[in-house]
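As written, the chains take the letters A, B, C and D, and residue 1 is the first residue of each chain.
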């Protein structure tokens, strides 16, 4: 099994390497990720400029890693076209610091990477944990490993994107897992004005979102201290809701019954 | 009535001003658009840097226009937060040179601008014509005016995004209008390698897409020389398919019965 | 006579067009300048990416103008290689809003454009006025016209760069003109720390400089309400100090004896 | 003794770490350098945007290293303002892959970093080796260590910038050292036109330079298989040519008499 890992926090981010450390138990892992934090770039693909890709000294033995001067989506495209030409079985993007829920998924670079994996016909997972500076990357990473194992063993080989969010909790405090749909939020962007000494500027700042806490949504699941799995762009035949439910519950049972929990 | 116009080809693009010229017949038009071509940036929002916005000398009297050093989505956010604080009735993004169909809508900056309008709770239209250097911007612009009129007169005031594509044809050769869903394509990206004299580079190039020509999709509609309207992120109650169908047909009848056609 | 005009405030800046308005009295003027404000980029040349150049609707009849997605130096290189292949007699960069004095000339984009002109073997002028939002662009522009006339009539055709700064004064309050050397300042950069909601950032802000007011320097000349002309990279044989002095005084006499003064 | 090291090839470049490996024998070394290759940016300082600085996992024990999303000049400013607030004794920029000679020094990012060190009143060295993929970084690094030692031991504490270039030769084939002035070249830029599928682009490519091989210039020295040291922006009193000559010869004697040569 071969897994391509990317993210939007940059190729040196702790979340990415926590993920890789688990995934390499079950697969050959190749890392291709942006050289810089790319928060907010969403699905952006660089078409107007060429890109640079450099192999980096990998923090983990046996894991090949490349740094791309571009977006998460660029990284996945270059990976699939240049680094793993014979293909991979799965694309995993993350672990993002901070949740990617509701409308926000459309500007998330973490999701943007997975969208490209999906467009190339691969099962893809975007993985986020609902906190900055989280101490529970290991929970998210083990979940990813279990989910990857299920996806492969059940031959879910076509294009599907699962957007996974975890509350920032130790394993034993998780209350369950839900297959959800995207929530809706009331936008809380602020635009701050400032001056650089020569000219005025404006800076878009993400404020705290006010969410409509509708049951069945990703936002609601996290509020309930549950893991949320939202299928996006999914093939409805191959990955029906029931099928996903059964995968989700199997994964959760394994996660909480593990001795590491 | 107030309409915000943006695009991803840049604030001086011909397609944008062809659109504005028609829309100002029925509304006050405010233009806020990127200062540079932003093809491919999709939904990208600039969160890591401040933005600059400058009022430009508008090519059309009575139309206020701003240039933003940022993405289409940035432009819409700054517009709604700073320029038209009392809101607008509609956001229209375009007219894009080149189609935005199927999977491609997710990396389209034209659609990215409309997505932000939609997230701010506004009816939004992304408008593209399936050719570069088109001679039929006026057909697309008149269609936008008619569609805007219907949306407002029928009080379609909530969040909905209509992705509209026109074949590059004179009005009288259009064969109809279809409310469609997104098509799927087999990706045709190429990555070209090159050398700048010092280091290697790689450039993602969009190749010609091979589409699955499934009836009911946007790709299929254009192949049939019809206009395609694809609802994205729509509120299913307020803008059901039947309702959209009736709007679409009404708009098309007016378009082709006009003496300008 | 042909003059290439560029700047670092962007192709639509008022200072540039005030300059062009005067220069076209004596020469064919071609404008090639950055599409965005490029303050601080100094001599930067874009080697790692391709550039885009677009002809813009010129605000002045008969003046061809191009916008470049790049630096001032890029603009001059593209101009000389692509737009005016048969060469120009002179490169003028400006009128910059704000002085370019002493050490600062090395990070000035205004000077950076002129440096490239000089490297291509052409006499080049960088022109700045010591204020933001100045009302005296016309004085600087007339000075440039007179200086250009002298340079051409005296056949100063080799590589020389004159860095010209004017105090922000009406013509009749100017106390003279000086051929100077670069002053030295005590650096007054501040670095402001901030937070974008996700991560810390640092912003280099130019503070008010404290200058060593040594007679003979550009800084001192302006303090005396005089125009400063500093030769940089000059050919010492063709443009000796005495020669420059005679040009400078001739230009100043014409400037203040004009009826427009 | 404290030395700040930067470069323009990026914080992970081999040339930088070859340099650090030698310098830490004689000083505490702090590395602050761009996160990406910044060739061609010259003296550029980022004033219109904030910067990000991150501590990286240093390849050498005991050496603190920071990565800056900005230019070489930005890196030096952030270093002096935020990382080593109590100052350093010397700034060294390099080892650059490829020569920085003549006019080219003004667009060199390697030199740009040293220029900022100099503007902050510090003795600064820009160090380049005249080849890509050189095998003789160790020679350049030992030279830098010897030069740094001389500068400090002779109390050369004021602002001076030495631009040092080495031929790509093993130590024993070096023919000497020269204190030089900048050479002049006939520019050999090419501008290549291309098309990205949507629009035309132009790319500035550095061609092979044709130099005027005038004795006493940096270009000439390298042609003679000698090391070139060019004082730039120097204080003429404190660092007269004779003084520099004596330093240069002393350094060269030590270099070639070392058993490592």
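As a convention for this text, a contact is a pair of C-beta atoms (placed from the backbone, for glycine too) under 8 Å apart; a residue touches a chain by one contact, two chains touch by 3 or more.
The structure presented is a predicted model; accordingly, all values stated were derived computationally and were not measured.
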{"item": "Comparison of B-C and C-D by number of C-beta pairs in contact, larger one", "value": "C-D"}
{"item": "Taking each chain's C-alpha mean as its centre, the one farthest from subunit B", "value": "D"}
{"item": "Intercentroid distance (Cα basis), subunit D paired with subunit B, Å", "value": "49"}
{"item": "Whole-Å separation of chain centres (CA-atom averages), subunit B against subunit C", "value": "41"}
{"item": "Interchain centroid distance [CA atoms averaged], subunit C/subunit D, Å", "value": "28"}
{"item": "For subunit D, residues that touch 2 or more chains besides their own", "value": "37, 39, 47-50, 52, 196-199, 201, 203, 205-206"}
{"item": "Subunit D contact footprint on subunit B (complex, rising order)", "value": "37, 39, 48-50, 52, 98, 132, 196-199, 203, 205-207"}
{"item": "Of all residues in subunit D, those that touch subunit A in their complex", "value": "12, 35-37, 47-48, 52, 56-57, 59, 69, 196-199, 201"}
{"item": "Residues on subunit A engaged by subunit B in the complex (per definition of touch)", "value": "37, 39-53, 71, 73-74, 77-78, 81-82, 103, 106-107, 112, 115, 119-120, 187, 189-192, 194, 196, 199-206"}
